[in-house]
Each structure stands twice: as structure tokens, then as C-alpha cells.
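In order of appearance the chains are A, B, C and D, and numbering begins at 1 in each one.
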Amino acid sequence: MMKLFRVVKRGYYISYAILDNSTIIRLDEDPIKALMRYSENKEVLGDRVTGIDYQSLLKSFQINDIRITKPIDPPEVWGSGISYEMARERYSEENVAKILGKTIYEKVYDAVRPEIFFKATPNRCVGHGEAIAVRSDSEWTLPEPELAVVLDSNGKILGYTIMDDVSARDLEAENPLYLPQSKIYAGCCAFGPVIVTSDEIKNPYSLDITLKIVRKDRVFFEGSVNTNKMRRKIEEQIQYLIRDNPIPDGTILTTGTAIVPGRDKGLKDEDIVEITISNIGTLITPVKKRRKIT
Amino acid sequence: MMKLFRVVKRGYYISYAILDNSTIIRLDEDPIKALMRYSENKEVLGDRVTGIDYQSLLKSFQINDIRITKPIDPPEVWGSGISYEMARERYSEENVAKILGKTIYEKVYDAVRPEIFFKATPNRCVGHGEAIAVRSDSEWTLPEPELAVVLDSNGKILGYTIMDDVSARDLEAENPLYLPQSKIYAGCCAFGPVIVTSDEIKNPYSLDITLKIVRKDRVFFEGSVNTNKMRRKIEEQIQYLIRDNPIPDGTILTTGTAIVPGRDKGLKDEDIVEITISNIGTLITPVKKRRKIT
Amino acid sequence: MMKLFRVVKRGYYISYAILDNSTIIRLDEDPIKALMRYSENKEVLGDRVTGIDYQSLLKSFQINDIRITKPIDPPEVWGSGISYEMARERYSEENVAKILGKTIYEKVYDAVRPEIFFKATPNRCVGHGEAIAVRSDSEWTLPEPELAVVLDSNGKILGYTIMDDVSARDLEAENPLYLPQSKIYAGCCAFGPVIVTSDEIKNPYSLDITLKIVRKDRVFFEGSVNTNKMRRKIEEQIQYLIRDNPIPDGTILTTGTAIVPGRDKGLKDEDIVEITISNIGTLITPVKKRRKIT
Amino acid sequence: MMKLFRVVKRGYYISYAILDNSTIIRLDEDPIKALMRYSENKEVLGDRVTGIDYQSLLKSFQINDIRITKPIDPPEVWGSGISYEMARERYSEENVAKILGKTIYEKVYDAVRPEIFFKATPNRCVGHGEAIAVRSDSEWTLPEPELAVVLDSNGKILGYTIMDDVSARDLEAENPLYLPQSKIYAGCCAFGPVIVTSDEIKNPYSLDITLKIVRKDRVFFEGSVNTNKMRRKIEEQIQYLIRDNPIPDGTILTTGTAIVPGRDKGLKDEDIVEITISNIGTLITPVKKRRKIT
């Protein structure tokens, strides 16, 4: 039972683990190595520390010279889509790309092969309390609140985290060939506040995921889903991710969303996005609209 | 006037420049830095060397303990699509995804926004003489012979190279949402044999690109196009690539293909792919079909 | 008020500070940087830890997978000699080298210039609980229990520690030109168990230094001196050390001894050397006699 | 047959080897590794280069942006003394330290054990064309022109070079305990211009060593000796150096001098020191007198 978080303090990254929801350990090693060691033999190297007010850090992001940040630097972040059971109509709207009469979403839904896409490099990701971005050329960007897994290079699950697979939905809707532009840009990805080890998640298919968008101190959108609605199982997604495609230790795969705020709920500058997943926590990020350079 | 190539010798990477098609210089510095320095002030740091038989290396790939390899390790490789003028029917086949009656390819063709996609990380790329791969689960994989540009972090063109944007066309054809699986895997990308500086390419829109697939010592497919058929200009592609999306120095953007061998011309194990672009050279790579792990 | 110590755990070095003799801090940074930061503004970066049983580590050296080791890796270690007031006869024995009738020790004693010598590189030093060595070709090796200072590159004192300037006295006695062979070899130098910051040492000239040599569980030699007998002041030694001789941050200067066990008290294999200095602690090291390679 | 030299060019160190006094090779690897590889199997990794005007570099030190510098960064430099046959009176002057009537130099001369001392760290060494120093507090500093050997960690000789073991003779003469201050300071050591491999030196005991001190364009002192006068053989010196004293690969041992310019020949600011050893070359260094900081 271990939760990992990381702070930045005067230029130093410092990683911690919370054992059994009580003891805080300062890690002796890189958090990806710590996850691998724990996964191997339930062991963690580090010292018990006091005076780290984790709950306050979660709330205020920064205390004195300590600021919470993303718990690891994942060498690669990948995503999956169309992984949840959904009302068939969600995937069959009029203006969606169709192949011989069936939308591309429906086709993935019914196919053996899942949708897997490259999502981000570490410098494009932010952590708890750090700003996600709306592209300067997007009028309709949505958060995608998702359960994500941290993998080793064999595809073994080292831990779970909350991910916001922020997406410029208007680009994506205009043409599926714009999906990479919709998905990959600076600030396109938030995860954290912690990574929890696999033994904290007895059953990844019974977790509540809740999304709140707060605008001017009021809840502007709220939605939730349980991962028991995931029909494309995580192991299946991983098998396709690593097929002929070697990944480095610490790669993150985010497993798809089922909460879609809708066309009138696009993120705006200064919105706050809050994503909660049971047994993991709440990831809170402000929104920054990028300015057009003219 | 500078061409860069790189060899590996007993575990050491060694980079060279050919000046004015005659003198060979051994670079003092990392080839990406060398490209930046040359771009800045037409200067190159290094020693004139003799005894490097560049022409023989191009032909036999390995001479004694020296093997030619990819000229740089690009931190990111991106691609562009639907950038060439083509017979409209190419983009409007029956079974292609359509949005309100128009194929997604036609839509990009007519749109302001180009298709830009994440193509590869350096470990997924190979160089001249090294094997490109056909996915174990693809029955129809095609080479895509393309002119590629090497960029600095501001999007400035540092040089040009030949790229093979190898693609599992059956996956892509099945569903545009499978594009990342079609495009990104181990051995999905070859480039080289050299990078030429911008002053070697007076006009990037007047270059002949030729593709040959050789099977069992016979030319199995041959096709060619001139870059004067490129209608989505390179600068335009770059502007979209770097919009809200910071890229590192040495990023490669490959600018799209116009030679499509067709459904019966899929690559097979032991094929040889040869791509020639005027003023750059010929990139030759064998093909390796990955085996299914069962 | 800060004491620094360092442990090695499964290949990781981990550094701690004890603040005001009570709180244990795990340092965020390299201990030499921590000493410089503290020296600058009394600040230390790190977390309060619990469960580090410092007193037990001092006694048993190793607890589970944690072993105490030298508190820093000093890039250079220098020594000073003839720095204490002593009975004149100590420096004027019959068989000591003489210049125009005066022994070389007497001459230093009376001279403006102190004796300063190169003592060790970090790999030749050991820490608390680690073995010091007797050269294979020395029959008379003595510990030299000394107060040592840790310096920055300007010669500013960052902290104090206990040092054992182990010396092959028979080599040195045979000929002063053998001094480097007497002084510099693997295991010639021990220091620790901690480095204390300057504010822990109100007056470096009022400290008791005690040396015990334990052989087969019995005290074989015991001697002590107070640093008030030091007549060549530390600042003076430092001024000569850094004259025309730039030193790196973290250099250690050991300030000379006044306890000389005598000719029949040479160290033997399996002896234990204990050196205590008030306000710093006790440095304990076993003795290892090197075997002749024939 | 290989000579190694190194230049610095716009912040890059670049190492070369001259094979058989004709071909110039730019090394693929660190010059210490290159020496070890050559010593192992007469092999060198690198490219033949043209346009390096080695002879002009030797003469003018700097050509355009290329400056010659010390051929390696030796992790440690050690010295030896009293290794040459000399008129007995040289070692028995009136005011030299004596033990029971015999000078310390005579004693070493007659003893089994050689004098071995720590001479320098790499930052205290300079190369061909770079300034050696006279301490601010020395009125009588002499060059000591010596044959030096480059060793691997087993004490095997990898190559030979010319070394100037610059020494503040007045400090040393005042008291042998001041030897380290006489020997170790910034600019105390010059070596180069090349390192030659062992096969360039058929017999290290038949080399002419010549020293010239040039003052205001006139030869102020000139002296020479042949290494056939060395009576403390190099192998013997090495055996004592490495006894109980592990040294890193690339350590230099300088083997002692027999040319002593005398009391009225001390180096002055702006003198030029030239040391020639047959089969190696000529090491030229200007002299810089350090100013007293008051």
C-alpha cells in the first residue's frame, strides 16, 4: 500500500511515499525505480519523515518553498479511446467520420483492436496545481478524466494515477486526422496528485471517476462514471500498446474516458478542473488559454 | 554546402560532414549542434580527414569496424500527410472514412489546417543499411518516401534528409483511429543516409523523389514524383507543428508522400527499399517482418 | 548547530544533519553544498526524519542495510605538523634530521612558515567503523588524533571533524624525504563520525582530544591533550595552505597532533583506534595490516 | 610508434596521435583509453586527418582557434627524487639536513627505498606554451627537467613524456618538511608537448635531457644529462609508488632530475623554460611570478 508524490524545492525534486495511508517515507531513489522495487518485492527504500503536511500540500499546492508537482517524469505517455460502454448514439452522431455507413467510433467499439495513441512527452505534462492549456486555435477543449496506469518496459502495471487527457475536441471533430494536434501540445496532459501502487487498487473496475469544472467559484459542470463501465480491459489495451512497440520503464497509459461535458462546456481561461478517482484522490488544475501569436 | 553522416565504430558514434561534395570533415561536436552552427554562420568545427570511403560506405554499409547509421538522434520525429497534389480519386475511395459525404483525406486536402502527427522517438528510427520493420499484425505495410526537414526549436530549417515513413496501411485503412498504431512502432522510420544543409537544396520544390522496392534482386515496384507537386508548403506544415507545441532542437518533420505502391505491393521480409531524392542521395534499407509472439 | 553524517544503503549514499543535537534532517543536497549553505545563512534544506537511530549507528556501525561511512568525499585532504606546544626534547631527539645542529622539527617550530603536506584523496580515506591500514612495509605505524577543518575554496571554515592522520612513523623517522610514503596510501586517513558546523565549536582552542588504542579488548594506550596547546593557529595554517594553491570546496585540513604513543605502541592488525574530541564525538576504526605481496 | 597531443578549440578538447612520425590520427576516444588500447594490442581508433600543422603548433602554440594544451588530464601526478648518479658533494652540502652526520639526500641515495612524493593534481598542471609559476613567496624556484612515465592502475608504462617538476628550492632547502609547499601549487607542473608510446623509446636509459632557460631572448642557463646516469631505475620507482597505494589509470610519475641550475639561476617572470628529451621533443613554457596578496 503505497502512494507516491513529488515536490520541487529550491530546484531540487524530492519524492515521497505514503505507506498504508499513514507513514510518509522520503524515497532513496528515483520514483520509477521505487515503483519497480515495490512491484517486485513490496519493498521501499527511504526514511520516515515528519513535518510534511501532505493534506495541506494537496489543498494549497505550495507551502513555503515546497510545491507539489507531477509524481514522475514518464518517458512516454500513451492514450486509449472508446474503451467504455456508452450509449450507442454517443458514437454515431451525424457529423462523425463514417466508413461504409458506420462511424469510426462504432467501428473501434466493435473491433478487436483498441484505439491507442501517442499522448505526450514529459515536458508536455503538468502535475497537481499546475496549469493545463487550451490551444490558441481551439474553441472547444475538454478535459478527459481517466484512470491511468504506470507500466514497466514489459507492460507490467506498477501503479495507478489520475490523468486528464485534455483534448481540443473541435480539432478532433473536424477531422480524425487532426487527432494528434488535438491531443499533443504544451499543457495537454495532467496527472497526479499521486501514483498509487497496484495493491491500493483491489479492483480497477470498480472505481468512481468524477469530473468537476469550476468557473468563477461555481461548479459549471459535474459528471461521473464508474470504471465498471470499462469494456476494453486495461490488460488488453496494454497488450496492443506494447505489440511490436517497446516502451521504456515508467511509461504511462491512460485508459480512456466516459465523461464528456458536451459542446457548450469547453474549458476557458481560469477555469479549475477537478478529477476525483476513488482510492487515488483528486487532481486539481487551473486552465490557461494560450494566446494567438499574430 | 554540407552533408552530414554518422558512423558507429566499436561503440563510438562519430559524425562527419562533407563540404562542397569533396572535403570530409570530422565534426568536433554533436551533429545537431553542428547543423545549428552552420545555419547560424556557415561555419563548421572539425578536421579534414582522409581514408573515409564515403561512397563505399553508402554501398556496403559496413567497412571493417565502421558501420553507417542514422545521422542524428532526433529527439522527436513528426509527420505530415495529404500534402501533395493528387488525383482526387486517390483521396476519395469508397471505403475511406467520410464526414458528411466527403472523405477525411479530401477534407484535409481542402482545409486550411494540415495533418500533423507524431511519428517516432529516436529509438524507433533506423539509418541507411539498417532494417525497417513490418508489424507482426500487418499484412499491408508500405514505405512512404518523403523529403524531411531537420528543425531547431524555433522551427527554422537546419537541413534536409530522406525519410521513409513506413506505415501499416491496413491498420490505417481499417480505421483512422488506428493511425498511431500504423505509424509508431520499432523500426517504423528510416532516414539518411545524410542530412544536407539548406544551401544544398536551392529549391525544395523541384526535387525528384524515387522509390524502388526490390524483391529477390528484381525491382518489384518503382515510382517517382517531383516535390513541385507539394501543395501544402513546408513552412506551412512547420507553422502548425510548432503552434502551441514547443519542439526540441533537432526535431525532424517529414513532409508527406505522393508515391503509393498500392494494395498488392506490401513490403515483405527481405525486401529492399531504396528511396532517392535529388541533391540528397539514396536511402537503402532491408525489410524485417516481425514475428507474432503467441 | 548542525552535525552531518552519511550512510550507505544498498549502494545509495544518504546524508543527514542533526540540528541542535535533537532533530535529524535528511539533506536535500550534497553535504558539502549543505555545509556551504549553512555557513552562508544558517539554513539547511531537508526533511525531519524519524527512525534513524544515530546513537546505535555510532555504536554498531551497521544496522540492517544501513552502514555509517565518511560524512563527505573531500576532494583533497591536507595536513599540518608541529603545530602543538611540546617539550623541546620531543623535537630534538638524537637521530632526527638536523640542519646546522637544529632538528627539522625544532626549525619548523621556531619558523614563521608551518609544515603543510598533501595527505589524501577521497578514495584513500575511510569513515567511522571502516578499517584504517598499516602499510605492509611498516613495523611502526601510529594513529595521529587530530582536529580537522572542512574548508571552502576561499579557506573559510565550514565545519570541524575528527581525523586520524595515520602515519608510518618508521618510514618518516628513517628519512623526512619518505614523509609522503609514510602519509599517503590506501587507508591512511579516517575522519568522522560527523562534521559539526562552526557554531558547535565555540572555541576550537579548548577541546579535549583523547586517543585510545584497544588491543584484544584491553586499552593498550591512552593519551590526551587539549587544543589550547595548539600554538600554530588554524587560520595561520589555512593561510599557508591556500597561498598560491587553489583548493576545491570541501577540502579538509587536519591541524596536527600532540599525542604520540611512542615506539612500542605501533598499531597491529585487529587493534581498535578510538579518538574522542569534545563537542564532536568519537571516531572508532579497526586496524588492518596490509600483507606483503611477494 | 605513436605520439599523442591534444588541443583546445572553442571549448572542445580534441586529441590526436601521430603514427610513425607521419600520419596524424584524430582519436575516437579519451587519450588515456587510447594509450591503454595501444599498449594492449598496438591498435589506435581514429581517423587520418590533414591540415593539422603539428610543427607550427609546436612553435607558435596557437593557430587561429586551436591552442595546444597538456596531452592528458592525469588524475594524479607523483614524483621521484635522488634518482641520478651525482657527484657526492651535490648531496652533502653543509646546510642540508643531516641524520647522524649523513645528509638526507645521501641517505636516500644509499637506501633501498626511493624518494616518492605527491606532485600535482591535473588542475595544477599546464601544457606546452602555458605558463608555469613561481610562488609569490619563493625567491629561488628552479625548473626540474625530467623524463616522466604515464601509468595504468597496475603500474604498467603506457607512455613517456617530458615533465618540468618546478620546485621552490628555497622552501625545500630551508626545511625538508616544506617539500610539499615547494612542490605543490598552481602552475607547479608542466608536461608535454606529447606523450609517446613505449615503442618510441627503445631504451629509456639512453636519452639526452637538455634544459635551457631563456631570459630576454638570451640563453641564461643551459645544461644537459643523459638518462644513462639514472641509477634508481624507473621500474623500481613504480614498485614503490604502487606499494599499498592504488593509483588510477593515467597517473604520471616523473622520474627525477639531474640538472640543477644553481642558486643564482632562479626563474624570473617572463623567462622561458625549454626542456628537450631525445625521441620526445621540446617542452616550452613561459614563467609567471605570482604576486603577493597583501
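The rule is simple: contacts are C-beta pairs under 8 Å (C-beta built on N, C-alpha and C of every residue); 3 or more make two chains touch, one makes a residue touch a chain.
Protein identities per chain, from UniProt: A, B, C, D = Fumarylacetoacetate (FAA) hydrolase.
Not measured: the values here are computed from a predicted model.
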Starting from the defined contact criterion, work out which chains touch chain A and chain C both, please.
none
Select the chain at the greatest separation from chain A, using centres from the mean of Cα atoms.
D
Could you please state the distance in Å, as a whole number, between where the Cα atoms of chain C are centred and where those of chain D are centred?
32
Calculate how many whole Å lie between the centre of chain B and the centre of chain C, each centre taken as the average of the chain's C-alpha atoms.
62
Chain B to chain D, mean C-alpha position gap in Å, rounds to 53
Multi-chain contacts only, two chains or more: what residues does chain C have there?
none
Touching pairs among all chains present in the structure:
A-B, A-C, B-D, C-D
Please name which positions on chain D make contact with chain C in the complex.
76, 81-82, 94-100, 104-105, 107-108, 111, 113, 115-118, 121, 123-124, 133, 135-137, 171, 174-181, 184-186, 240, 243-246, 290
With touch defined as at the start, can you tell me which chain B residues reach chain D in the complex?
9-10, 12, 14, 26, 28-29, 45, 47-52
